[in-house]
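First, the structure itself, so that you have it in front of you.
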Amino acid sequence: MGSAIAANLVRAGHTVRVWNRSAEAGRELERLGAKLAGAPAETARAEVLFSMLADDDATRSVLLGGGVLDAASRGLIHANLATVSVAFARELAQLEGARGIDYVAAPVFGRPEAAQAAKLNVVTAGDAAAIARLKPLFAAFAERVWPISGAAERANVVKLAGNFMIASALETMGEAAALVQAHGIGAGEFLEVLTSTLFAAPVYQNYGRLIAAKRYEPAGFKLALGLKDVRLVLEAGGDVHVPLPFASVLRDHFLEALAAGRADQDWAALAAIAAAHGPPQPRDP
Amino acid sequence: MGSAIAANLVRAGHTVRVWNRSAEAGRELERLGAKLAGAPAETARAEVLFSMLADDDATRSVLLGGGVLDAASRGLIHANLATVSVAFARELAQLEGARGIDYVAAPVFGRPEAAQAAKLNVVTAGDAAAIARLKPLFAAFAERVWPISGAAERANVVKLAGNFMIASALETMGEAAALVQAHGIGAGEFLEVLTSTLFAAPVYQNYGRLIAAKRYEPAGFKLALGLKDVRLVLEAGGDVHVPLPFASVLRDHFLEALAAGRADQDWAALAAIAAAHGPPQPRDP
Amino acid sequence: MGSAIAANLVRAGHTVRVWNRSAEAGRELERLGAKLAGAPAETARAEVLFSMLADDDATRSVLLGGGVLDAASRGLIHANLATVSVAFARELAQLEGARGIDYVAAPVFGRPEAAQAAKLNVVTAGDAAAIARLKPLFAAFAERVWPISGAAERANVVKLAGNFMIASALETMGEAAALVQAHGIGAGEFLEVLTSTLFAAPVYQNYGRLIAAKRYEPAGFKLALGLKDVRLVLEAGGDVHVPLPFASVLRDHFLEALAAGRADQDWAALAAIAAAHGPPQPRDP
Amino acid sequence: MGSAIAANLVRAGHTVRVWNRSAEAGRELERLGAKLAGAPAETARAEVLFSMLADDDATRSVLLGGGVLDAASRGLIHANLATVSVAFARELAQLEGARGIDYVAAPVFGRPEAAQAAKLNVVTAGDAAAIARLKPLFAAFAERVWPISGAAERANVVKLAGNFMIASALETMGEAAALVQAHGIGAGEFLEVLTSTLFAAPVYQNYGRLIAAKRYEPAGFKLALGLKDVRLVLEAGGDVHVPLPFASVLRDHFLEALAAGRADQDWAALAAIAAAHGPPQPRDP
């Protein structure tokens, strides 16, 4: 994901210095014209720093542990594209603000293919002037930018709430498919009706196909990461005393999926858990 | 709903004899050119009988109690457009089959406006020849017909599973809205992002607007009817031993909404229950 | 259950005329001194009629279908010991009241062994004078009688709420056992601590032993009957708009147990479902 | 809680040096004969160190931040009586083991009154020899000690699973009470039947009284602490991939209770949430 974004920035003519845990991804970007940073801190001597790390811990260890913030150029804008927790986004914004860095939360919606095709949707929050300056850069990899007013971490709330909506759609289709199949109706036959009409949206159409075909590998987005995000959603709810009963069901089913050895499958495999709770399924017609 | 369908059949040039509980609805159709039946049984002396009654009980009392089946013309096709239980659909198909009537289950997706605009989606199951003969009639009020293979009641399973998906989408948006609002983000601001991108589907766009505006009156589809349908969904699951945890959460929240006096609001008011479980909400920006 | 109660009534010196679906059970009671009724209606020509039938349908078919009510002696007291729905209890009380029969709801807590040992707990509601007259009869098979004030069906509400509490205790122990076992602790070792201290009550001790030993056969109370009762609980809640989220979880797990072929196991097998949702279990130490 | 335990150790004739955040609690113990430690680290120059701190963070800050471990006497046994997370117990046992300290997890069941009356139940795990040496000390404040075999953190799993069982009993009684009350039956009348028979255990009897009387203040155990423990339960389940649907419902309801301003009420106020989901309640008879 990060590589696809960096490649698009290079292609758009920007000077890009990259650092990646895996050296190979770096070399490929170098071939495209990017410069390689020998250490994370070198990436902060720039006008803008984009980061896209796996989770809170990875972000913390690279940015804080790797001395990135201490090396920052005066007036650096840091756009964090990753899905991190709301609490950590708030903490980072404060830490960076204290050092004169403009922290912009800029989590993205879209699969790796969308990143390559420059069709991501970026949700942003933070300093308005900084976001304005980022606009031409976002244009290199995003279809559209969705600014949210207020503190930076609000963009993370939106991203997490969106991922919750996707996971809920997966569970919904999984339960509905289990129901119709137990009545002898093919999941594909059923989902075709709904995803051509009231639910004619990318999430339902794309995942509906995977669920109907029970095709959970290779993973576009791993189930274990889905659980991570649902945990962040529950945490974001817990922080402000908002119960989220659907998210609680999702957490339980993601855990069951992990217990069943499905961690590396696509998170659409949530549907396999709904099916496993019912009777042995008749074959699709 | 039934009136709008009948009106479209009249307009399409068919000879229509109507019976309605409310005399007024009948008179309006008469003005359009329909004939009025003095009793339900008269409607069965025809090639095709369409019925659209509120629920299992109403259907049973009119069709069976009203002597409709006994009065049926030889070779009558009965297309039941209503959302009835799977078990009752099965029973009706058997009862009518034994009398030589072709029972076609033909529940519809769409609001009353869609019925008027001849844009309903009809899901059908039953005898294939009968469904073929109904095709030109469906064309008078439907955008598209979705045939499901197998026994008639399967169309009802599809209809109920579809309504379950809508109700799940309502709950999902309600919980997500409660989450973002407690973080100071407007529900409309949030839903705009999602319903313009991954969730760009009618269900999310139309209901998303109602939820963001907290506009639950007048009802397009009453919350009390939503509970009725969720009960039918749970029953359809129970019959074949399929647990539906999301439907269970929905049932609990619909009951809470009824306890809170929201029976006659639109079922989008499910979102008000999710909000009530969290902290007092800050005003939308 | 009914046989054990009848036997105790005979032993206490009462004149008992019995009717049972299974002729054999009747013959055994005859040997003890009971008279056999040739048809259900004969049992109603008495001062008191006790009934203990499987469910609403069985009760309806025997009492109403079998003409029992029509044959009733003047001033008959009918004590219904079965676990029926709240709505049906209300209906029966009205039907019988209209015929001059005193309907007393008298559902019992206790396993068949308790019935034999005259240690049942009887919950009663209905006409106070009728309940007072039943007292010496209850004494033949009950340890204690718990009168509930108000309409007859309230005793059924209490019985169902009690069964809900038992089922919740089963699920609670099942989840707790799954948790500790995944951490390498024996379920028996764990439950011993709790059921000797804060949870030193019959329900936890008796079922805790079954759960720790994973001994679900033979059934003291079948899982399929547990599901029936949870459905009645949910119905009793639905009638008055009371959501019962724990009961919803129970329903889902009972259905899953049925789908897994456990209908005839003891309802303590609910714990096997909780265990199946987690990782493969290490053996108990 | 800690004070009551320390007082009992003093009374039993042991030499006790105490440290407490609140100076006042310390002075009271001094009057009984305890010595006051000027800093936490002084308490570790002893044969045995008992700690009873609010949560993981408080324990971490006092024990690790306060230099307690570094000051430990050779051969120190540390008995941690607090309810901490399973992960933190594991971490502490490793940290202390590396320093030659014997870490014994010894969480307790019982309210402050039980601590004063020397009637606590202590669950222990860790080094068997260390636990044996602690036996006479436990005798000063415990009714009984329940040794769990294996690693220290297993005692914490048992403690958390036990607290989960208590919280589930609260929710169960809350839902059952809401159900019966909506049918016109007093919660006290209902709970009297159950807690005198199948549920004749301290948890049900004591909390049943609070729930029937809606008496949630003063708190014996605060609702906010109940939520903390349910979170630890869910975490303990998540670590080993065990879904706990009842705990998920509990978490949602605890959050709702916090949103409703009930953080400082007794956790029995969970029943008020169940009641609030149903219709306005008729008064108890």
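As written, the chains take the letters A, B, C and D, and residue 1 is the first residue of each chain.
Just so it is clear, a contact is a pair of C-beta atoms (placed from the backbone, for glycine too) under 8 Å apart; a residue touches a chain by one contact, two chains touch by 3 or more.
Bear in mind the structure is a predicted one, so any value in this text is a computation, not a measurement.
Trainee: Would you mind naming the chains that touch subunit A and likewise touch subunit D?
Mentor: Intersection of subunit A and subunit D contact lists gives B, C.
Trainee: Can you check which chain pair, A-C or C-D, has more C-beta pairs in contact?
Mentor: Contact tally favours C-D.
Trainee: How many angstrom lie between the CA centroids of subunit B and subunit C, rounded to a whole number?
Mentor: Inter-chain centre distance comes to 38 Å.
Trainee: Averaging only over C-alpha atoms, locate the centres of subunit A and subunit C and give their separation in whole Å.
Mentor: Roughly 51 Å separates the two chain centres.
Trainee: Centre to centre, by mean C-alpha position, how many angstrom separate subunit C and subunit D?
Mentor: Centres of subunit C and subunit D (C-alpha means) sit 36 Å apart.
Trainee: Spell out, as numbers or ranges, the residues of subunit D touching 2 or more other chains.
Mentor: In subunit D, the residues touching two or more other chains are 237, 241-245, 249, 252-253, 255-256, 259, 277-279.
Trainee: Which subunit D residues qualify as touching subunit B in the complex?
Mentor: Spelled out, the residues of subunit D in touch with subunit B are 245, 252, 255-256, 259, 277-279.
Trainee: Help me check something: in the complex, which residues belonging to subunit C touch subunit D?
Mentor: Going by the criterion above, the answer is residues 86, 109, 121, 123, 144, 146, 148-151, 153-154, 157-158, 160-162, 164-166, 168-169, 171-173, 175-176, 178-180, 182-185, 189-190, 192-194, 197-204, 233, 236-237, 240-247, 249, 253, 277-279, 285.
Trainee: Hey, which residues of subunit C end up touching subunit B in the complex?
Mentor: Spelled out, the residues of subunit C in touch with subunit B are 231, 234, 237-238, 241-245, 248-249, 251-253, 255-256, 258-259.
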